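Here's a structure for you.
Note that the chains take the letters A, B and C in the order they are written out, and that residue 1 is the start of every chain.
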Amino acid sequence: MRIKIRYESAFEYPEAVRESHNVLRACPADDEHQTVHRYEVHVAPTGRIQSYRDYWGTRVDSFGIRRPHGSLVVSAEADVTTGERPAPKPGAPMSRYGSDAVVLGHHSYLQRSPHADWSEDLGDEARDTIGGLDTAVEAVVALHDHVADVIDYAPGATYVGMDVNDVRRRRKGVCQDFAHLAIAMYRSAGIPARYVSGYLYAADQTVAVAPEIAEIINATHAWVEAFVPGFGWWGIDPTNPTPVGELHVKIGHGRDYDDVMPLRGVYHGPADHKLGVSVTMSREQLSQAQSQQQQ
Amino acid sequence: MLDSRAGIETQFSEVYGADGVYPHYKALMARLEVLGEDDLAHRSRLLESIFRSLGITFGLSGDEEGRERTWPMDLVPRIIPPGEWAHVEAGLVQRVRALNLFLDDLYVGEQAVLNDGIVPRWIVESAAGYMREAYGVPAPLGSRCVVAGIDIVRDGQGVYRVLEDNLRVPSGISYVLENRVAMTRVLPLAFEHHRVRPVNHYGSSLLAALRAISPTAAAGEPTIVVLTPGVANSAYFEHAFLARQMGVELVEGRDLIVDDHVVFMRTTRGLQRVDVIYRRLNDEFLDPVVFRSDSLLGVPGLVAAARAGNVSIANAIGNGAADDKGVYPFVPDLISFYLGEEAVLPNVTTYLPWEPDQRQVIMDRLDRLVFKPVAEAGGYGIVIGPTASDETLAATAAAIEADPRGFIAQEVVQLSTHPTAFDGRLSPRHIDLRPFVLSGEDIEVIPGGLTRVALPEGSLIVNSSQGGGSKDTWVLEGDAT
Amino acid sequence: MLSRHAEALFWFGRYLERAEDTSRMLDVTYHNLLESPPTEEAAAWHELLEVLFVDQAFGGRRLDAPGVTHYLVTDADNPGSIVCSVGRARENAFGVRDRISTELWEAINQFHLDLQSWDVAGDLERQPYGVFRTVRNRCQMIAGVASQTMPRDDGYRFILLGLMLERAEMACRLLAVRYARLLHAGRPMSFQAWLAVLKSVSAYEAYLKSHDASFDPTRVLEFLLLSPSFPRSVLFSLRVAEAQLDRLAGAEDGAHLIRLMGRVRARAEFCDIDDVLVTGLDQFLESLQGEIYDVAQLVDRYFFRAGTDLELHAYQAT
């Protein structure tokens, strides 16, 4: 599916900001199942942008603005083709998770991280959930379903960085919370898991179908990749019942939100600011030549 | 069993061998004998008053009120003969060369060392000092450890062994230089009978190394600064000292700004471009844009400027990946992997509990070994087998069984002893050595280094913050043979 | 030089001068009151506090000699007290220890340590004049050490700039205290009172060399305000400050600062003292003070701040 994406963060400050430094991670990943045709970043007021791939392979755009400004608009436009992502077949037994290849090969995705720091109780809950299951795929699915069941999607109920154990107790959250809770539970049960930042082509983050309308406005999305022995990383979305595939546009992955947060920075200025983040997505009409080519 | 027991009890004396005083100590010991107790005591007091009046102090760790103590220096210098030093120097150069290559491999290379399984990937990935944020940040000449402080001890047989690498912001060099100056005032005649290699070129050597790593983008003479966390830092004295020795500006984070990925310092005549930063500030405080966002000590945008190749930062960001406790056992392997050489200076014998055969050795000798948690920093959680209670040892064994990757185990190292003056009388005390190694165009070792003394009788703790003292360290001129 | 160092040196100069001037003003007030009827005491102290801009902060403390002298000399709650000013001068010197001579550091550090250990409060009760004199002497000694041991570079110029702007501003205030009382009381000052004013700024001998001992109030005022040769006159201080700024500020972007400084100095230099007395001395002094303050603000913005006066905040956006 060919999708056009426009990410925008707009800051309004009550008084002029003297200087700001910012780091943006909004570029769709180029991988086996996803191709980026075009990606452009615009900053107003303008600043020189330095682009690079970070440790995780995510494209980063870094820029500073060193003159007084009352507002800042950071926008990124991408044109990307997404494909279906294959799902693993049940095969690998649970015991494979104990092998050195998994334990040592994916060590950082088995450790606690700032946003995935589970309590004993949460670990017990995870192990109970997959107790008696034989295969890796079953276990991954069981925990996914469990998280989807125990948390209700509720924008505004949490803040980014909230402790996963609190999220679990409150039973409410947004996609970042679903993802962090799932990661924490996977890892506590010995299943390597990583956090994925991206976009979801859906009018509602919890609804599973591509929208009818041509253009939708939503927010960035987050989901999870769990490791399945003999298969690899399997994308799975606890917020949304649809399999991770054409509708999901991956930006990048990391241990948790901190490794792939879309935009962070510092500025010299007033403490207050208004920030509006929006993601606009549309399906590109295929030209005749392209559609023939696809056939 | 018996052998290892004996090993613990043997202490190597730096001065006295089986046949009496070693030749390289004869002149010094004779001189001290001539002076006599009263004179020595008097000179020790003089030494203290010199440091007090110069205001050379250090902060005591754990002192809430930030009190400072006068730098304690012992009157009796430590002497290293040329042959021994040549051996140590060769080992240090080799070790630092390999560590530089290792760090470059991790941050801008192919990570061949991990792909080939020389160091287990998980060890590096769990090192607290491994900074993924610095991945891809270049270091000119691959000189990532511009200043390294390598802690060396001598075991019961007098073998020089590396105890620890300090590759982030090692401190102590100012005391090496001040100790020498004070020594020439207090015991001038002792120098007459020795040709002691000078140390006072450190400032110009460090400056040369920093110039060498200047980014190619720098036009003409590079501007170099020393970056300090500020006067409240316990090593501020040294930061100011080094800036003065090099004749460069001592700056704080708020003096620097980044504009379009170029670093400038704010002066009364406008912004002045900065090319090389010798920082004495820990990684996590360097840049709130990529590290701790609450740090006010750093410079927003600094890491991006370094990544763009517009400024060089010394030591490089993320060197903690190489001086980590978990990586230490593999340094001899790094030397053979990168240089195809055998390590000149051995490590202290270390056991890895995650290797089943080594775990067995550990379990058999719990009361003979030292246990260090891999993830903890600053000496936390260390268990010393010979002095630990049975309960502690049992708990340690259980912890190792439960999480073998959480610990390493080492043989207890008995530090060598050296005569040390107390009220004019000499008495043996344990010592170690921290030589300083500079990586610029080439690798240079400053002759000697900081010899630290554990002042309480029998103590093995040489840290100045915990009651340790220091000695002037003399490397003698002469043929290495 | 680094902006941060320049700022510390500038404030070192200011605080040093502030400590000295505060002791001078206390001295004038204190000794004039010895010859005034006791009914005027509270009003006189209040005026002094007003001139120092601390009358609000002083609050309900005792408005008499012990109360005010304690507040202005030793009170840790008053950031402008002599003990605090010396402490701040020392703190600033510490931040630039490598930039100043060892002698200068030792001099200010020792003064600070002495003030901490010495029973200033006790001495203030027993012999206030001794305290004022000691503070003045030590400050003068420290300024002397600076001028004898510091190379004539930008660092020294910033010390001098701070010192002279503070002195000019305080000299205006000092005259304001005395003349305000004179004008309000509506009676001529006694010979003794004039003597005290002149002596308090070490100007007695210098005045006698250029004038006779008849102490015409206008001539005394003119001397303290406009003498081109007496180093504590307002004009002299402004001229020295201007000379430093000329060397410090870049020709292009510093032009605004240099122009403002020149205007202030010219306003003092070319004023007609008789006109000033007719139109109102207090207004004249007040507006001159205001302009000196503006210069200091601009110095701060131009040399020290350059756009870093705002706090650093971190943000994240999803």
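We adopt the following convention: a residue touches a chain if its C-beta (ideal position, glycine included) is under 8 Å from a C-beta of that chain, and two chains touch if they have at least 3 such contacts.
Not measured: the values here are computed from a predicted model.
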Exercise. Chain with the smallest distance from its CA centroid to the overall CA centroid?
Worked result: B
Exercise. So which chain is farthest from chain A, going by the mean of the CA atoms in each chain?
Worked result: C
Problem set entry | Computed distance of Cα centres, chain C from chain B, in Å | 50
Seminar exercise, completed: When centres are defined as mean Cα positions, the distance from chain A to chain B in whole Å is 42
Problem set entry | Mean-CA-position distance for chain C and chain A (Å) | 62
Exercise. Residues of chain C touching 2+ other chains?
Worked result: 308, 312, 314
Problem set entry | Residues within chain B bordering two or more other chains | 257, 288, 293, 300
Exercise. Which residue numbers or ranges of chain A touch two or more of the other chains?
Worked result: 19, 264-266
Problem set entry | Complex contacts: residues of chain B adjacent to chain C | 231, 240, 243-244, 249-252, 254-255, 257, 265-270, 288, 293-294, 296, 300
Problem set entry | In the complex, chain A residues that touch chain B | 19, 21-23, 47-48, 50, 52-56, 62, 64, 66, 104-105, 107-108, 111, 259, 264-266
Exercise. Once bound in the complex, which stretches of chain B touch chain A?
Worked result: 120-122, 125-126, 132-133, 135-136, 257-261, 288-290, 293, 300-301, 304, 307-308
Exercise. Can you list the residues on chain C that touch chain B in the complex?
Worked result: 1-4, 6, 94-95, 97-98, 154, 158, 248, 250, 253, 303, 306, 308, 312, 314
For this session: Spell out the residues on chain C that touch chain A in their complex, using ranges where they run on.
Result: 307-318
